[in-house]
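These are the structures in question, set out in turn.
After this come two complexes, each holding chain A, first together with chain B and then together with chain C.
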Partner chain A sequence: MPDLDALKAEAKRILIEGVVDIVIGFKAGDTPLHPQPAFFKTIDEVDQLAFDGLCQNNLATYLTRFPKTQKIGMLVRGCENRSVNALVFEGQHPREGLYLIGVPCEGIIDWRKIVAQTGEEVISVTEQSDNTILVEAKSGFFTLEKKTLLHESCARCIHPNPISADVVIGELLPEGDPALARAIVASFAELPLQERHAWFRQEAERCIRCYACREACPMCYCEECFVDHISPRWTESGTTPAGMQGWHIVRAFHQTGRCTSCGACERACPMDIKMTYLTEKLNDDMRRKYNFEVGLDATTPPPFSTVTLDDKSRFVV
Partner chain B sequence: MSETPKLVLFQCQWCLFSPADQDWVDNQLSENIHLAKVPCTGRINPLYLLNAVQGGADGVMVSGCLPEQCHFKTGNIAARRQLEEFSDYLNHIGYEQDRIRFLWLDLQDRGIIQKELAAFEAQITALGPAHNLATRATETAGGANA
Partner chain C sequence: MNLILKKDQLNHLLNAWRQDYEVYAPQSLQNFTHFLPLQDGFELAFDKAHNTRIPPKALFLPTSEALMKFTRFGGYEQIPSETTPRVIFGIRPCDAHAMTMLDTVFEQERYTDPHWQARREATVVVGLGCHEPCQTGFCTTVGSGPFNHAGLDAILTDLGETLLVETFSDKGDRLFAQLEMASVDQSVRAIEVQQAAKEKMPIAFETEGLKEKLDQNFASPYWEEASRSCLGCGVCTFLCPTCFCFDIVDEAQRGERVRNWDTCMFRTYSLEASGHNPRPSRVERTRQRLSHKYTYWVDQINQIGCTGCGRCVRYCPVGLDIRAMLRKAHQLPSEVAHA
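Moving on to the complex of A and B:
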């Protein structure tokens, strides 16, 4: 748990000193399970700042929605910091116009896992110091182990610490094990072709084409998405099998070498469609083939943005 | 399978250096092979492959130049990075990888494309029609499709 008072003090300081015009963080939402992103422009508003394991959005998403001239302060966890680095590399905001308040992240709690145990009507959620959370629901009080509630992509997180934040509040955490991220790709790849296809089809066919995954993703900032393109029509835009599959295939593929595995797409999905098995596969390939990990700095181009003759050896001659 | 498979050939316009081969591809391809000529393999967006697959192709072949022989210096290498990853990725979600084949031709090569296309067609015939990814609805009149 980050020190909330220190976060607020830092947010107020940068607003007062004019380092930034706006601070992007979280505040309490309509229900205790859903804190919502908040944009603080004055120091009075900063008092509403909230930050806990249930803050599930990737705040870097909002970076591209401000003019490049705006000076932005942002609370960043490990994945958000890497997303910001990737966006800075892609020229979406100058790094000088950003002030990143880093928070080492213990993982985001999947609210669906809480609801599965307590029922829909949750009154309050309190994080306790012994790595448990106390949930008060209509059906009673529950003390749940935080580790068991983490979202899958957070449970296998490799870089929980902000990498290039201007200030880090809280103690740095140990790095995660890359083998965990590798494991889910490998176990899926081992399945026979028809089972892999059955899984993909069953996930894709629940899609309602709301594009919440696109909106939640920091790297999906195209002014016109390929699915909205009318001529040529790249893929069907309705909930037809080809349209749903095409969307899921290309949405993930467009994140190759850009996805930071934050899992915001999956958490945003109202139909609980699994998507990280696609992006993890692509990330894993980038790691193995090109030794590339996105967002570790804001200067290394992703494999698809660069070419080298070293690739020669991979051509089948 | 009795039906002839539907194939799509994406051909880099520089990779067939011999006029005889190019003439054969331009004029004598059998009807089940749809030819899409591109200025360079680097011009092929992975969406084109998806479009071919979702448009009902049973197999897709991409023919381009070897490294260091690209008319645009590095188009083929850039294409290779993306397209290879895309076909690998389609395989991950259950599309047979054998249905996408890359053919990298030397400028000195003569008569290779005919043989490779025949071999590819035989391979796809053996695999049968592609089922694993849904195909688009047929275009209705006026193009009011989905």
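Moving on to the complex of A and C:
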């Protein structure tokens, strides 16, 4: 659990000293399972700042909404920090216009895993100091192990610590085991072709094309997404198998060398569609084939963002 | 008509209906519940979730639906409307009520949607009243309620060992024709249960004067604040039982004209051919979503276009709560000049 008072004090300091114009963080939600992203412009507003394991969004998704001249403070966990780095590399905001308040992350709690055990009528959720959470639901009180409730992307997180924050509040945590990230890739990639295809179809074809995955993703900032393009049309826009599969394949491919494995796409999905297994596969390829991990700094270009005149594929140049 | 159904005979009755109808009821799909056709050995999932994740509007207005087939050389044929007799069992009153609002859209005097109308006519809708209020719902606030009859051919009230069945139409009467009449005592108990459920449901926000407030504050800076964390996805509207917007697309390769769900929360929804977009940002789109439900529907049919099912609250990826948004809107100043 991060020290909330220290977070607030730092957020207030950077506002008072004019380091930033706005601080992006979280505030308590109107419902117990859903804290909300929040934007603080004054020190009075900062008093509302809240931060716990249920804060499920990747705040870096808001970065591209602001003018590049605006000085922005942001609470960043490991994945958010890497997303910010990737966005800085892609020219979406100058690093000097940012002040990152880093928080080592113990993992995001997947509210779906709570309601699976307590029923969906949850009245309150309290994180306790012994790594358990106390849930008051209509069906009774539940004490649940936080570890068992982590979103899968967080359970296999490799880099929980903010990597290039301007200040870090809280003790750094041990790095995760890359083998865990590989396990999800292997569990899918090793399936026989037919089963792999069936798995993909079963997930993709539940899609209702609401694009919550796209909007939740910091790296999906195109002004016009390929699915919204009218001439030429790249994919069917309806919920036909071709349309749904087309969306999920191309969305994942556009993340090659850009996805930070934060899992915000899955957490936003109203149909509980698994999709990080696709991006994890691409991330795994990036690690193994190019020794590249997204967002470890803001200067190393992703392998697919580099072009040289002596490129072996002549069509590129 | 008030009838009585023993709970242990429910599955028998559902199976009997399957002779003549396709019977849809909430069943588990992945981690949530969904209206699916009953198959042999079905398991109902009423205890898993209060409401299905996708509202039953999807059974009348599918996410995608082909309206017409055509060829490159000028020929075309209309796709006939779906008329398979169906029963939807276990629909919640909020969702059924919403269907009556959608009827005013798809069955207007001059323009009737044949696909919607055919499905509506071929379907019997059996509701299950809500004994316990759900955390995110607010039906009684917006003129619906846990035992509201609107849009239902029959409704069930849980009396413990038995279910009291009230029928409201010939369709409903026919469906339950085999059952015995309920006693006066059972009917009285049902009324008590229904009344208690209604009283347990808290009022979430003030609706008196809300429309006027929203109309007056069309140009208010409040909308910037209200939409600041909105992702601009379609979760709230796609899962909404009263949202009905669609887009019509020609899938030229397949030769099909298709109607797909669309939403005012998308940039492309209001984008015009010239490139101009009258709702250029999430600010205007958020205002549109709330205003449509809480002022434009009121202008058109004198009802709030929301039945308080609470799905938008429960599934918003950033935790936006329409109840809180409207509470704040109600506190806005009156008489703000229009833009």
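Some notes on this structure:
In this text, the second predicted complex is superposed on the first by the 306 of 317 C-alpha atoms of A that agree within 3 Å, B and C clash if a C-alpha of one lies under 4 Å from a C-alpha of the other, contacts with A are read in each partner's own complex, and residues count from 1 in each chain.
The rule we apply is simple: a contact is a pair of C-beta atoms (placed from the backbone, for glycine too) under 8 Å apart; a residue touches a chain by one contact, two chains touch by 3 or more.
Worth saying up front: this structure is predicted, and the values here are computed from it rather than measured.
Within the superposed three-chain model, A:I249 lies in touch with chain B and out of touch with chain C [touch as defined at top]. In the overlay built on the shared chain, the residue A:L309 is in contact with chain B alone; chain C does not reach it.
Contact with chain C, but none with chain B, is seen for A:A116 once the two complexes are overlaid on the shared chain. Using the contact criterion defined above for the overlaid structures, shared-chain residue A:F66 touches neither chain B nor chain C, since it reaches no partner. Of the two partner chains, chain B and chain C are each touched by A:G238. When the two complexes are overlaid on their common chain A, residue A:R206 makes contact with chain C while staying clear of chain B.
The residues of chain A shared by its contacts with chain B and with chain C are 236-238, 240, 243. In the complex of the two chains, the chain C residues touching chain A come out as 30-32, 49-50, 53-54, 62-64, 132, 134-136, 228-229, 231-235, 238-239, 247, 249, 251, 258, 260-261, 263, 266-268, 313-321, 323-324. Across the complex, chain B meets chain A through its residues 46-47, 50-51, 54, 66-68, 74, 77-78, 80-82, 84-86, 88-96, 102, 104, 132-137, 145-146. Interface residues of chain A facing chain C in the complex, by the touch rule stated above, are 29-31, 33-39, 56-57, 61-62, 112, 116, 120-123, 138, 206, 208-212, 214-216, 228, 236-240, 243, 267-268, 270-272.
Contacts from chain A toward chain B in the complex involve residues 188-189, 193-201, 226, 233-238, 240-246, 249-250, 252-253, 256, 278, 281-282, 285, 303-304, 307-309, 311-312, 314-317.
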